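Common to both upcoming complexes is chain A, partnered first by chain B, then by chain C.
Up next, the complex of A and B:
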């Protein structure tokens, strides 16, 4: 249709303004989609990290804190729980299985987790998926280490490679346990959870690398060889936390109460789901603020478009008079203005989506590496498509105001050509 | 757009105004026309200084403005019986308009500008047949060079060429009435002659009426009838 084509030409004739308008719209909608994607991504990412575990047990602190350091490897434990308490809880009749977790060491920036074979058996993520091996086997020897997918990929390890574990959590551990060389026994499949960035060893191994250490410092002049260490009793004195599965869901609360009222030492047991809820309610305010700000940015861009169209009306009075002379009614003139707003917001939506997807492709893997935020590259979801739809609709509504003005101008000017 | 399309009858005058009074809202500028007629096929030159209410009169004839009092009949149709949408459609189908200058959409090509004359007039479009050909033929008749120039933005054309493209837009599809508001005043002497020659040749073949407004006395000899605005219009500034 000639009118649609002429509107296109008319916009192209004012291309600089139109381009900037579309750019502003595109950046704003890309930002909005990005914030939404990070928001939902963070939730699914966190929500899918732990599954199938009924209780997380650790030294008494906050429930959210316990979950963050034990499962998400964010922050550190303030206290450990004793091995005796762990054994006691594991022996309770309600308990089906337990997985001990011992954290505090690192390997070239990746955390080292001391645990048992039960970890590979009972840890579940994303709706009950089990950990699977990409290569090799889970650790079985004292000096075996099983690597998460990202660890192996980033550091270029293969099964059988030797690795050295450092004490503390710095990227460059200044106190290395160099006399205890480990061997890569296996590499796990990618999970999109913190497991990917973890080096897994046995609990005994954690003890072994600390044999010559006391209170975080090396005991001077003391050096025990690897073979000698194998002869020692490497039962841990304490662990950081434990994952617990119950025999029946109904018994979860009974066990939780038992742990929370444990007389020997102050302990805390939390339900992962409850702790997650607590976390969401904590960061919900920030989330809402972020979404609000990005919505305001979109609104600003839409107002900018309104202003651009409105200011273009003055220079388009000639165009309007010509259209009137060939029989266009003031309603048609108004329609063309709305059409222009629709075209601009549509272009903004398309360009914004492209910008968003490009950003996702580039920043997605970085977010995964830096923050453990798993943002897979997917085309816009139904929800995001709905947001885009609402955005274009808002653009059209925003076009109504300049359209009304165009209507008034074309009624008043008629065929009088004004420059 | 789906307004009923009144069929003009051929025996009535092209333009007939009687007892018309009009006032611009806000400005208080008023014009009054007791009686004014243009016959079918007649070419009338309305002579008068600018600011004499000529453009206002053309707006009334084209059905853009509506008079407070009096009757305006175009091709036998009383405009006051039409809704504003119907008047727009009536103008599209039966009246071709040429302005003094800035007649064209600068970003559209010459051909597109000509075809714009048919955008709101399905009847004229039907009469024009394949509008691409019709527009091309008209531009040739109006002596616009063939080839790429017709497909490039109209802003690249000379003023004389632009006015001829505007004439083609007014003429395409054969409307019964052409209204021209100082179409030659932006042109130099020889271009004026050429423009009028070409325009009149097309009017002859269409049998269309022409009402042209100008302040240029030298054009008078070429018209069937010359009317001075002072004889037709009474204007009144704000009280």
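Up next, the complex of A and C:
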């Protein structure tokens, strides 16, 4: 106890250096915890891009690719699936609901997704959260469009604005479907998923804008008015992919097998959770790199602390000599140094955690809003607590080296009068 | 009775599919030493489907003609049926209610008659009931000890917490369901 008090007093005497050391440790530990939290948050946000969907069905390609183009809207489908096959699968007894997805058009660089009202009912993200409207309503008319939050923000659209959908995916639509103007019916809340960057219209609307088009080009001299289009049969011939929900989880594999071995058309059904996991294993290397960098930051801070204690030994030569002269053994001196390292790293850990939690409380909601990175405010997890423990231990170990030095030189050095 | 019927239907689907697929010519992947295990959990029932190459189970994939081969097949089917001796659920008390074994040789043989290689697979469906699946913490695989030719199982788990895929290898024959 007296040793602890002595250490405390000694540190208090050199408070400026000690404070700076603790500050360096605190910043590094806060950084490390922050990176850890962002890392797990990114993984969770990524993994919760889609939830509640049991199977994603599309043309037979690869699971990751199907996931990329149907959910992340990255890349394009190798093939579409026919409407007949879609109806057939939707009619299976194991199927509780289906959401058709039709991609391929764009609006000023944002993907246009043709779907049904079921999309707003069944598309879930982040552990079962439903899509909610920030303004207006989901599309109900043929020429209604529902915008993702980013689309509305970037292009400055409000409910009721007219928009024109372009054919193909270029940012500058080279062939625009100008004769079929759409109206913004509603804007979705920010989700942090690719939904934010999507323009949603009905399946029939996708057909409607292609009425006068053939093989990707306009049929010369032919123009069907919006009213005439409304009278037409706008059942699609094919869709890009479909989200499927099953009546019981126990039937998922049976349905998946049925679709994967569907004899009439080569189709693929993937489990979205598994495909996300495979995708993350590809891009997760960056995650490991981040963790590596922040570990190095902590290592630097610990080494910094060691250097600070070592240099303080010179400052404390008289203090130690006096302690020796009043009867403290060299072991006690060494112990004092180790105690100092322990106290400093403990203070660093506590201050770092406080700094981290403050940062999380302030920046967490902002990160969610700006990047869709979900960082809930929670006290340090068991893993983070373990990291803190290891950090304090590392601090104590780092204190051993100066302690050894103090053990060796305390008496002789303190008594020698320097010139 | 209903339980056993549903498992039988499931197996019928497993077995019948290659025949239908043969009309359009397609061939599934088949890798020796590499089996697939699908686990679906809902409420307190668990459904497991095992698809594994014959080579992993009996060490050969040709049609069992000799008495020794036939005996090996019968023995293998008996072992496969005893799910409790192959997979051990941790954290909850689970009972293996039903097991149906098919050796996919016949169907597969017909399908691949025109192909150069003939592969056979075992398809097994297990129905399990547990007292509380929410307490399930993991699965151990005495499976690898029972079948010395098996190397690896690709395990897909569907449950209340989502969909997960794991690889379980002979060296570490266990799987943690806690995340």
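Everything below uses one rule, namely that the second predicted complex is superposed on the first by the 237 of 419 C-alpha atoms of A that agree within 3 Å, B and C clash if a C-alpha of one lies under 4 Å from a C-alpha of the other, contacts with A are read in each partner's own complex, and residues count from 1 in each chain.
Assume a contact is a pair of C-beta atoms (placed from the backbone, for glycine too) under 8 Å apart; a residue touches a chain by one contact, two chains touch by 3 or more.
Worth saying up front: this structure is predicted, and the values here are computed from it rather than measured.
Shared-chain residue A:3: touches chain B; no touch with chain C. Once the two complexes are laid over each other on the shared chain, residue contacts for A:254 go to chain C alone; chain B is not touched.
By the touch criterion defined above, A:318 reaches chain B but does not reach chain C.
When the two complexes are overlaid on their common chain A, residue A:271 makes contact with chain C while staying clear of chain B.
Legend: residue contacts after superposition of the two complexes on their common chain; A:51 is shown touching chain C, with no touch to chain B. Touch criterion not met for A:307: it reaches neither chain B nor chain C.
Contacts of A:20 after superposition on the shared chain: neither chain B nor chain C is touched.
Contacts of chain A with chain B, set against its contacts with chain C after fitting on chain A, share not one residue.
Only residues 55, 58-59, 62, 64-65, 84-85, 88-89, 91-93, 97, 99-108, 112, 115-117, 119-121, 169 of chain B touch chain A when the two sit together in their complex. Of all the residues in chain A, the ones that touch chain B in their complex are 2-3, 5-6, 9-10, 12-13, 318-319, 321-332, 414-417, 419.
Only residues 10, 13-14, 17-18, 20-21, 23-24, 26, 38, 40-42, 45, 47, 49, 156, 158-159, 162-165 of chain C touch chain A when the two sit together in their complex.
Chain A makes touch with chain C in their complex at residues 47, 51, 54, 248-254, 257-258, 261, 263, 266, 271-274, 277-278.
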